Amino acid sequence: MSELTVERVGEAFAALGSGDREKMLQYWDENVRFEIPGNHAYAGWYEGLDSFLGFLKTVGEMSGGSYLAENITVMVNAEDGWSVDVNRDYARRAGVPEGETSPYLLMDVEAMHLLRWRDGRVVEGRGTILGDGLTTSSLWWSPIAADGTRTA
Amino acid sequence: MSELTVERVGEAFAALGSGDREKMLQYWDENVRFEIPGNHAYAGWYEGLDSFLGFLKTVGEMSGGSYLAENITVMVNAEDGWSVDVNRDYARRAGVPEGETSPYLLMDVEAMHLLRWRDGRVVEGRGTILGDGLTTSSLWWSPIAADGTRTA
Amino acid sequence: MSELTVERVGEAFAALGSGDREKMLQYWDENVRFEIPGNHAYAGWYEGLDSFLGFLKTVGEMSGGSYLAENITVMVNAEDGWSVDVNRDYARRAGVPEGETSPYLLMDVEAMHLLRWRDGRVVEGRGTILGDGLTTSSLWWSPIAADGTRTA
Amino acid sequence: MSELTVERVGEAFAALGSGDREKMLQYWDENVRFEIPGNHAYAGWYEGLDSFLGFLKTVGEMSGGSYLAENITVMVNAEDGWSVDVNRDYARRAGVPEGETSPYLLMDVEAMHLLRWRDGRVVEGRGTILGDGLTTSSLWWSPIAADGTRTA
């Protein structure tokens, strides 16, 4: 079993993005639960790796591929089996040009993942957003633009 | 063309619930726009009578038929072509027993519809919710229960 | 006792802005209750005319005098003693220049007042905000700018 | 300079609660900035230890001393100077009896502090709340009960 280190947390997220399921399963338990914060349409607990991957695919579609996450730092408690990674997340809604500033169309927040590790794999993850980012990101996740037009 | 009266506003909502499209079109323009307030998954402008009827069907499904609206009063400005009806709205999420009090599962709010009339028919409608009901009803519209379990 | 008309609703709000207490009391009951919608620091029921006037003074201070309300329409139900007035409300936080677009600093919403009249005077009023304006106006009422700096 | 360890994070919070300013200053920089998440009246950045202590005093008053925080785990990255502590926070509004379940009166959330350490002391801290706790805790921080009565 691999030790929980800062590097291993980074590798876990790289595996998620790799599209290689075997690689993912080296870091993520097949029954992992992952919570997206807030009360918007995509919030709540995703049960199982496939469900969570489905959510990530939705993010890609909603952002038209513009989603970017830049890691700021990672902390671990190897003894107890916890990690937190802090990131800056940026995403425009699909079709929205750069330079847009409405929170209904642009997400630009700092966020954290709290991960619970067991036997070398993530069994539970929970996202949170810093500052008032949960409010502004709820606008991004909503089906509307600032004028109430349904965009989804 | 029928005059805009308190009675006519009541008839317009009764027609919506009748399932009789010809009757509906006596009160609602085929191209009526209707705005559901807030930023939840079902918020924003519904364009056209069919789109709005689709929303009402969704309400029926999400509430498992428990949705109730009790009219409190109606006001009209016949000269300018506006009406407001004030209602108490009550709905449990489908499958939720009576007596539940969590705002994620029970909606119990006072709300208004602002309607714009032209040539005897509604061409635009906008819902609003009194007090802090927009916040609590957003929890009801959300896909989660209080513990984050996705219920939808 | 004066009849409830569209004109009388307009006069009631003009009296509020006049600073003339005798004039106000021709339209507003001394014990009027008025509800500001939402859950921000200034939300909830203000009990009595003086309490409500205190709220209006706060609005003036927070907006540095930039608050503007433009009436769109008024509806009455004279028989039952109800009125609704629809308005466009615009306000920048004190010290914020024109042209600012952040919802933490600029309020630009359409809103309604639902008034209950008895014996020719308003005994209860409730504000609501159209669309997703309750969310964006909560940011305006908050003590922070978009970066979390406390401005109040 | 003391090394950043799980124990030191615990000691830093114990010092905050000790009322002993000399002890606090062993862990917290006099110019520490601390961010309370959300957009309620007490949200945003508190600049300086005294400002942050003022916030903590407010929490004590608003909760009538019922505030409890139970630590779940702590993670550190000693090399980069970051820590996160995860806690369960519980508080009733002053005067509210045990057993109350309205989110306007009872806060019961899981939350994290992200701390930035420099030269052995905390120079910046940011709170976040897990799940949909930011929404429900905003109701707790609000001046109203569920019926809109102003309680503050």
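So that you can tell them apart, the chains are marked A, B, C and D in the order they are listed, and the count of residues begins at 1 in each.
Just so we're on the same page, a contact is a pair of C-beta atoms (placed from the backbone, for glycine too) under 8 Å apart; a residue touches a chain by one contact, two chains touch by 3 or more.
Since the model is a prediction, treat every value here as computed from it, not as a measurement.
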item	value
Chain whose Cα centroid lies at the greatest distance from that of chain C	A
Selected pair, greater C-beta contact count between C-D and A-D	A-D
Distance from chain C to chain A - Cα centre to Cα centre, in angstrom	40
Chain C and chain D, separation of their C-alpha mean positions in angstrom	34
Approximate Å spacing (C-alpha centroids) for the pair chain A, chain D	24
For chain D, residues that touch 2 or more chains besides their own	35, 39, 43, 131-132, 135, 139, 142, 144, 148
Sites on chain C touched by chain D in the complex	35, 39-46, 104, 138-139, 142-144, 148-150
Of all residues in chain B, those that touch chain D in their complex	101, 103, 131-132, 135-136, 139, 142, 144, 146-148
Chain D-touching residues of chain A, taken from the complex the two chains share	6, 35, 37-39, 43, 73-77, 80, 82-84, 86, 112, 114, 126, 128-132, 134-135
